[in-house]
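Shared between the two complexes below is chain A, which has chain B as its partner in the first and chain C in the second.
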Partner chain A sequence: MSLFLLTLGFGVVTASVLALASVGLSLQFGVTNYVNFAYGAYLAFGMFFTYTANTALHLPFWLAAAVGVVATGLVAVLINIAILEPFVRRGTSGFFLLIVTFGLSLVLLNAIQAIWGVGFDQFPIAAGSPIRLGPFSFTAAQLAIVVIAVMTLVAMHLLLTRTALGRAMRAMSDNPSLARASGIDTHRVTLWTWFISGSLAGLGGITLALNTVEFQAFTGNTFLFVIFGAVILGGIGQIYGAMVGALIIGLAVNLSGLVISSAYDLDVAFVFLVLALLLRPQGLIAARGKA
Partner chain B sequence: MGVVIGYIATLGVYFCIYNIFAFGLNIQFGYTGILDFTVITFMAVGGYLAGVAALGPEQPGTDIYYVLGLSLPWPVALLIGAAAAGAVGYLIGLIALRRLRSDYLAIVTLAAGSIVYGIVGNDTRLFDGFEGLVGVPQPLSGVLNLNPNDYTVVFLALCAVIMAVCWFLANRLYKSPLGRTMRAIREDLEVAEAYGKRTFRVRMSAMVIGSIYVGIGGVLTIWFVTSLAPAGWGTGETFVVWAALIVGGRGNNLGAVVGSFLVAVLFNEATRFLPAISSLPNLIPEIRNICIGGLVILTLWFRPQGVVAERKARFFVVPLQHGTVAGSAAAEVAVSGD
Partner chain C sequence: MATETDDFAPATAVTPTDGLLVVAGLARRFGGVQALDGCSFAVEEGTITALIGPNGAGKTTLVNVVAGAIRPDSGRVYFAGQDITARPSHQIALRGLIRTFQLSREYPQLTVLENLMVSPQRQVGERLSVALLRPGRYRAQERAYLERAVQILDDFGLYGQRDEYAKNLSGGQKRLLELARAVMAGPRLLILDEPMAGINPALVDRLSAHMLRLRAEMSITFLMVEHNLDVVERLCDHVVVMAVGRTLATGTMAELRQNASVVTAYLTGGVADVRAES
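Here is the complex of A and B:
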């Protein structure tokens, strides 16, 4: 029982990382209506911008992390302006946009590996002696991950429900042409969406790196399928769905480690992805016209 | 002299193998519109199964573990490899080809590919894990007893024959009623369905036939290099096949051949012989992957139909009263999206 609770605690940490990354992907998926296969590279950007800001510019870690988050958001906006937006404006079907983002992931991941090397890196605060909290045991970094995730998700909730930008995003996610017809500046909303999506990817990447302790260029890309699992389980564009999906898959991935080798984490996430597609392809929280 | 011939024959073998890969992907993506982002997985399945079918039983004490080890003759191994790739294609198709949006399909294929990768890599009992299979017997090499350069020429002839058969059959498929239905589905699945086509079955046929093609290419690969390890079939390799098809021109097999030549032979294989910088051993593959990804994006921007564009179906000259309703509808649909 104590092992179960201990693992449950780690599951909450994984779910927190997953929720940050999934909400970012789901938000962009909902607003622009195509999936970004290069998202794993955005996680890597978050990790390595933070790493460089921390080690080369000697910024304190949390300030470096903030730099990493904002810089990843900006990179996402730039990539959208330079590559994706022109294709969308030309009316390229979603079909070919997927191939473009797939190619983009190859380009970005290899560029990241060429710049920052193939070896494993580590954030200074990632390792640390565990703190016992009742039946649970976390490192300080893991506790920070949970706190950051909760704060960020609350902020996302407020953004989407209380601000004009958030309402515009939800409107575009529901019906882009109606949103445009009602006078929403869809171009501006799309750019903000990419910024927020990229920032959340960056934050997801940083927290993932803190949780796995060691990271390299492809760490985020391997995690991408777990993110897809959470997004599809939750329902595309449904950010609350993505949170629920992240919680379910995050807990399942860790708890399955009690029974089978943790080398099969990805397979557990895949089983959920398949079950979601077979039983409820529209996701736990259905989005009309998106399945 | 023998070395030069051997080198050219080596490039020729890769050309034939990538042609077969590109035909397979063309049947899935070019004909039917299935976004198979894990092409290379089928190559691996075909190669591994043909490998363990041809290898003898595993030797205790060598630390090389694998299943089967049937010592079968090479034509049987080829059939086993092709069938295994088709079977895996069927299993992935069962999930991916349900009536879902294409994003889901792409995600499922990509995810299934990395699951296979993880299982093959982590489970050393299957195909010796990340170490991979080694010493797979080459067809006829025991009978012919040639030096490696001459053997490469013989092997090239074998590959060329298999490639020619694959090309012929792929062209036949393109013109057949099944092929027309595939293209109708590519253009609009709902219209094809409204005309009573069993879209799931047709898409599944394309998925399985394409997987078998790629599996045959995988068998030829493991015969040629005599070994196969997971490092040889990452996502980057899938993208080489995609790049070949997109650059050459999707939907037509001549385009697949041109693309295989331009991307897989001239670009990809030729750069393998560039001198590596010893301090940065990964730089050349990284630059190659960046260029291939960039090449696809640029092609989709500047010439989305590829170097050799698919010929448009001439539906205006088909008098409506001659064809059956479903037949002319398929032709009509095939035109509309070009």
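Here is the complex of A and C:
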């Protein structure tokens, strides 16, 4: 029982990391209507910007993480302007954009390796001695991950429901041509969406690196498949669905470690992905509005 | 008197200040189809103007060009005396030219109230910086928009459904919501693409009454694409007839019924007759 609760605790941490990353991917898909396969590289940007700010610029870790989050958001905006937007403007279909982002992923991941090297790095703060909380046991960094994820998701909820920008994003996700015709500057909303998606990817990457302790350029990209699992389980483009999907898959991935080797983490996520596609391809929270 | 353009040559007589909306010599080709072929007309401020014509006359293409969704190959569009040709859709909308679509469109996953709340023009709140740095100003504006949205929903009898997701509305309610949403944007000119298509006569009457009310209360000018000539006759002051991408004739419905070429082209015949004549 105590092992179960302990693992459940780790599951919540994984789910928190996963939720941050999944919401960013799902939000961007909802607004722009194509899948960004390079998202794993954005996670890596978050990790390495923070790493550089922390170790080379000697910023305190929390400040370095903030720099990493914002910088990753900006990189996402720049990549959109320089590479993706020209394709979208030309009317490239979603399938070909997927290939474009796949190629982009290879370029970015290799660029990251060229800049930051191929070896494993680690945030000094990640390796702390665990704190016992009843049946649970967390490092300080893991506790911080859960708190930050909850705060970020609440902030996302407020952004989407209480602000005009959030409503404009949901409107674009629902019906882009209508949004344009009602006077929404869809281009500006798209840039904000990339910034928020990139920032969430950065935050997802940083928390992932804290949770796995060691990371390298491809750590985020490997995790991308778990993110896809959560996003598709929740209903692609549905950010609340992504939160639910992240919770289910995050818990399942960790709890499965009680029965089978935790080396099968990725496979467990894939089982959920396949089951979701077979049984409920529209996702738990169906997007009836999306064509 | 109904004016008839000679031999369907593009009318060049329009000037940018002839009306609230002026289209001059618009042309647009899609592959082998000349959807617009020198279409010119003016919509005078304060009128409800109908745009009629057989299927394939280019009405929807015209609406798309005017609203900035499609670029014309040639010709100009003037709104309130200003050249708005090929401006981005959202900029045209911000100037007060709002269009609706042939099939009802709404944001299915937004509530009825939210459907209206996305519409307002020049929202400072959409600038996140304002929301974060000037929360007082932002909240005051949000409150003003909310009051306006509630008032409009009440006018359209949709206040009771304000928290319902738009996808759960009936077809008729969606049509009303679409008009309400367009009004929320504060239009000077509303272009409605077949607003009465496929709805029951009672709702036709309600929509007509709303249009007359909006013209009287908010001085909104209307341009409506419509196939139902009874509605056109009852509601519209002025009618523009299009055929094969050109303006065939303009005038009141009564005048047009006397116009031989209009009767052949549209009221009794189809596109083929117009082509045969020209």
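One rule holds for everything that comes next: the second predicted complex is superposed on the first by the 288 of 291 C-alpha atoms of A that agree within 3 Å, B and C clash if a C-alpha of one lies under 4 Å from a C-alpha of the other, contacts with A are read in each partner's own complex, and residues count from 1 in each chain.
Just so it is clear, a residue touches a chain if its C-beta (ideal position, glycine included) is under 8 Å from a C-beta of that chain, and two chains touch if they have at least 3 such contacts.
Everything numeric in this text was worked out from a predicted model, so none of it was measured.
Superposed on chain A, are chain B and chain C clashing or fitting side by side?
These partners fit in the superposed model.
After superposition on the shared chain, which partner residues are touched by A:W192: those of chain B (first), chain C (second), both, or neither?
Touch partner of A:W192: chain C, not chain B.
Using the touch definition from the top, say if A:S182 reaches chain B (first), chain C (second), both or neither.
Touch partner of A:S182: chain C, not chain B.
More chain A residues touched by chain B or by chain C?
Between chain B and chain C, the winner on chain A residue contacts is B.
Let me test your reading of the model: by the given contact rule, A:A164 touches which partner, first (chain B), second (chain C), both or neither?
It touches chain C, and chain B stays clear.
Touching A:F228 in the superposition: chain B (first), chain C (second), both, neither?
After superposition on chain A, A:F228 lies in contact with chain B alone.
Students often get this wrong, so check: with C-alpha centres, what angle lies at chain A between chain B and chain C, to the nearest 10 degrees?
Here the answer is 90 degrees.
So, does A:L278 touch the first partner chain B, the second partner chain C, both, or neither?
first
Between chain B (first) and chain C (second), which does A:D174 come into contact with in this model arrangement: first, second, both, or neither?
A:D174 sits against chain C, while chain B stays out of touch.
May I ask you to decide whether A:V150 touches chain B, chain C, both, or neither, giving the answer as first, second, both or neither?
neither
Touch test for A:A127: chain B only (first), chain C only (second), both, or neither?
After superposition on chain A, A:A127 lies in contact with neither partner.
After the superposition, what is the least C-alpha distance between chain B and chain C in whole angstrom?
Superposed model gives a least chain B-chain C C-alpha distance of 12 Å.
Under the stated contact criterion, what part of chain A meets chain C in this complex?
Contacts found on chain A: 163-165, 167-168, 170-171, 173-175, 177-186, 188-189, 192, 287-289.
Inside the complex, what are the residues of chain B that reach chain A?
33, 35, 37, 95, 98, 100-104, 106-108, 110-112, 114-115, 118-119, 122, 235-236, 239, 242-243, 246, 282-283, 285-287, 289-290, 292-294, 296-297, 300-301, 304
Give the list of chain C residues in touch with chain A in this complex.
Interface residues on the chain C side: 67, 69, 88-90, 93-94, 98-99, 101, 105-110, 114, 117-121, 123, 125-128, 131, 142, 167, 181-182, 185.
What residues of chain A sit close enough to touch chain B in their complex?
Chain A reaches chain B through residues 29, 34-35, 37, 83, 86-87, 92, 94-96, 98-100, 102-107, 110-111, 113-114, 118, 222, 225, 228-229, 232, 236, 261, 263-264, 266-267, 270, 273-274, 277-278, 281, 290-291.
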